[in-house]
């Protein structure tokens, strides 16, 4: 099995799409130099700085530019270096990219990909560590995807670029160098809107995405010999959510734990709880549980920020707690 | 086109704009049209003068006060009127409305209700035009109030840096809502910002149709020739309140009277009476023709069906393309 | 009983706080002229244009200015004319206002009030009609309140101004001219974080806020003679949520319907569902229900936008449906 | 202060900054300090020259590269070092870190990791200072990369319009991350934007401490006197990569060598050898003293406890005040 890092997989996907379609352009701060993490390294050499374009530090205008270009026929991929800075482009993304197809009665299409990097890693503090996917998933007209492994990274970036709608492609910085099976040259597109059941189980469903997928799989492996069989779902697509897969799983297991690195209140977990309990109320054996970062800004200190990253230990605790609680309260 | 014919054509276009806006106002007063409406009565010379050099496949973008830009770009006035009236036959099926007109068949890419938001979008149209290599240009209309937004400044920089084929048309009507430009900036001429970037920039009398026409002719050729963006600031005046229903108490009546004197249509007509021999009868016919076309558009809109309830949440996402 | 409109109540609250504390300043587009709806009318005459300050159309910088001024001792009240335009100030609000107290280890306080107007009214279309409170409630460090009646409007605006944290005070445009009992001169502050039980009931809890409160009360009145006794809760504070009141109510009624005008997915209703089912799972007689705007941009046409405003009829349908479903499925 | 003493004092302050940054770099290399660190080695003359005119109750704000601004404003180097090292004894209890320093006891209001974000915040400090009526001023530091952000432009406008007591200090080091200024704008001198607003604006050699000192002296007096904002653009150079760990391959080695020549500390020392009779021994003592103070700060930080786990999510909201 050929291996690659998630970062390499994204780069490969970008490369293939640029080669495939001359309407694909890259825009972002220092993208022609690879960007701070090297994701776009080599693209300018391959496709020229006409198509791989360094931009000034003007997130709002560059986002607008990409949207306007998409409206008249290009398929731009814009990089916002940290999701924290998407705050500077929210007007363009939310009031324009997401709404122009609708407001124009279908006259305009906005085939735009927004690559953006998120998460806690490297003790960067409150303004370089957020996970803001729930905002974006609350915006009709946007799609939101996030990969947990190289193969999905490549498949989803290709799907995002080929989609005729604005798609926000979220990359977790802590996963860039995580290795996994390579998708391979010209690999298939991963359809947007489909979750992946990575491990089947009987007693509880763990739904998560991004960096927490690995933690969930590890936890599930550790729980199995103890008689708790956990099903692990990688959501992959946060807007739209694959409710069919989720609900089917919870119907079977009767329990759900949602895990994310975004702060607890108002995260993706909340929406999942609303819809799963609506669809599978009578199949639930206990409350839907949420494991997430504390509702707080993220501290810079390495002594503190780790409490904001749900990992294997926290998942184990939450799952075990669920079964204990059942004994007591249920 | 010989000059005399051109003059008559331009006059007709201004009348079409004026008639359109006056009809919108009338339909608003009678509650046929609802919503938040910003009319550009008094500013017609800018829209008409600017668009007179554009091809159908050139891109135009506007803002909250952009009915006239769409009309001047050649959009179908029936479908525009129907859109503003919220009807199914409107350009956007009633989903867009007054502030969000789109008429892609005429190259009117979009208007936006977010002050300044159209400027970055227009960079994108210009970027695509440049890459397309077919000598297309983009033109963006915005007001003086937008000149204090970050979007405006970030866009001037990028347009100049990348030599985009974009013409910035600032309709400086001296007011943002209820407050004069002097309450918003010390910079009296927004063109000065463009100069800082080395962009050719002109400030002119935006109620003088030929002045706009001439300046835009040069600006559009420069952009079309790949020589980069141009900034054209048109000093003008809206003869109505900020929005329909605004009593505009903040303006001095004397000021309004003075500007009525400068009404771009009457002024242009006076000028071409001598220069191109326009007769009163001809003028009357031009106006009447415009009003008739707009009356048709109004009747079309009124007779049009409302959008179906189940259209309310369709077209949120485009299907696969 | 003296009556006043919600708009007048806000104005009175602003007036009293400006009179009480010279550190209170108003900033916003045309605020010294009353703003487009007249909320701040008369304040400049009373307190001078030094303290009631018209600003350029620079939402981002003006938000930053207000935050910076708050950090060094003023108590600014900034108006963002439509919540749709808060997209232009999200960096300052989220990365700065919300985090500075935390990031500074408590050295800074940000006693900032952000007044912002929202909702569907007047067929203004997709960029002037949104309800984006869920974004703000997802941000640790921000408080979010919204009144449904004049008395709360006055009480909450005063509480917001006196609070040492950034508080977003959301005004529903459709309620500005709604009349109700006046709070009276110098009336009490309405504490942030406390919901109001406006009608007691036994069979179902309807939790809502803003414009939908009146609809919920009307629906409850219509349901009562039909034997369905609905408890109506006006949340008032969306961050923090008054979970005690909500959970207590649901424990009693066994059912919950959440109603909001924001689009369905990812709205406040989702967070409420997550937390109520966690706290009161075994007391629930049926799934938590949500009534909200369709997940779509808001159309301009008057023939369409009304489908985006949940009203009495929709609430009646949802409540009746809940009891029908119980018969069938539960 | 007599000139000779002033010169020695300024030299000492530059050394304190240099020693601080070099120590941070050392502790980063040994993994005592982690995080995203942007050092200002080579830019000390700006921080020191600018802050030398400030009272403790004047406000300073900075960005991602602002250790030196806090040091120069007089913040306690121990608590700064501890903060950067993530310790409980740091100014922010470890919650802020390198990019979000706050030292209110010294009037250092805040740094921010969002490029350009500090500029609007500084408007607010200046607004409050003006209203307070105690002749306070605010000073904001930012880079050339921030000069293309909307925040920067919106802020220039407001500061000039409202005559805020604010000094804009642009540290133009010619690079934003890995790309030169020429890739970001055609405007070589950011001070030109300030001129458009009628703001007094100067571009000077930011590695010449006395040039900065003099310009800032005038700028601060003007602001303090209620005459409005001033813009001071300091051309300088960072002698390190964009962040610690950046190999800075994008820069030509010759360029770096040339700037090493211009090292603001060595240069100032050479100058005051003649002008104020600084001896090699004195200079050595000044440097040694700075290094000793910083070594103390480092030891303090290293010996300090880590913040308690239960501090992680406290101070999200302020209690009632």
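Each chain carries a letter (A, B, C and D) given by its place in the written order, and its residues are counted from 1.
Throughout what follows, a contact is a pair of C-beta atoms (placed from the backbone, for glycine too) under 8 Å apart; a residue touches a chain by one contact, two chains touch by 3 or more.
All values reported here derive from a predicted model rather than from experimental measurement.
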| item | value |
| --- | --- |
| Interface with more contacting C-beta pairs, comparing C-D to B-C | C-D |
| Maximum centroid distance from chain D, chain identifier (CA atoms) | B |
| Centre-of-Cα separation between chain D and chain C, whole angstrom | 41 |
| Rounded Å distance between chain B and chain D, as computed from the means of their C-alpha atoms | 46 |
| Cα-centroid distance, chain A relative to chain C, in whole angstrom | 30 |
| Distance between chain centroids, defined by C-alpha means - chain B, chain C (Å) | 37 |
| Contacts with two or more other chains, residues of chain A listed in rising order | 56, 58, 60-61, 84-85, 88, 91, 95, 99, 102-103, 125-127, 140-141, 295-297, 299-300 |
| Residues of chain D whose C-beta touches two or more other chains | 93-96, 100, 112, 114, 148-151, 154, 157, 161, 184-185, 316 |
| Topology of the chain contact graph, where touching chains are joined (line, ring, star, complete, other) | complete |
| Of chain A, residues touching chain B in the complex | 25, 50, 55-56, 58, 60-74, 76, 91-92, 95-96, 99-111, 140-141, 143, 163-165 |
| Residues on chain C engaged by chain B in the complex (per definition of touch) | 29-30, 33, 36, 54, 56-58, 60-61, 84-85, 88, 122-128, 294-297, 299-305, 307-308 |
| List of chain C residues in touch with chain A within their complex | 60, 84-85, 87-88, 90-91, 93-95, 98-99, 102-103, 125-127, 132, 134-135, 137-138, 140-141, 239, 262-263, 265-271, 273-274, 277-278, 281-282, 284, 286-290, 295-297, 299-300, 329-330 |
| Chain C-facing residues of chain D, complex | 59, 61, 90-96, 100, 102-104, 109-110, 112, 114, 117, 119-129, 131-132, 150-151, 154-155, 157-158, 161, 315-321 |
| In the complex, chain B residues that touch chain D | 148-154, 157, 160-161, 184-187, 192-193, 196-198 |
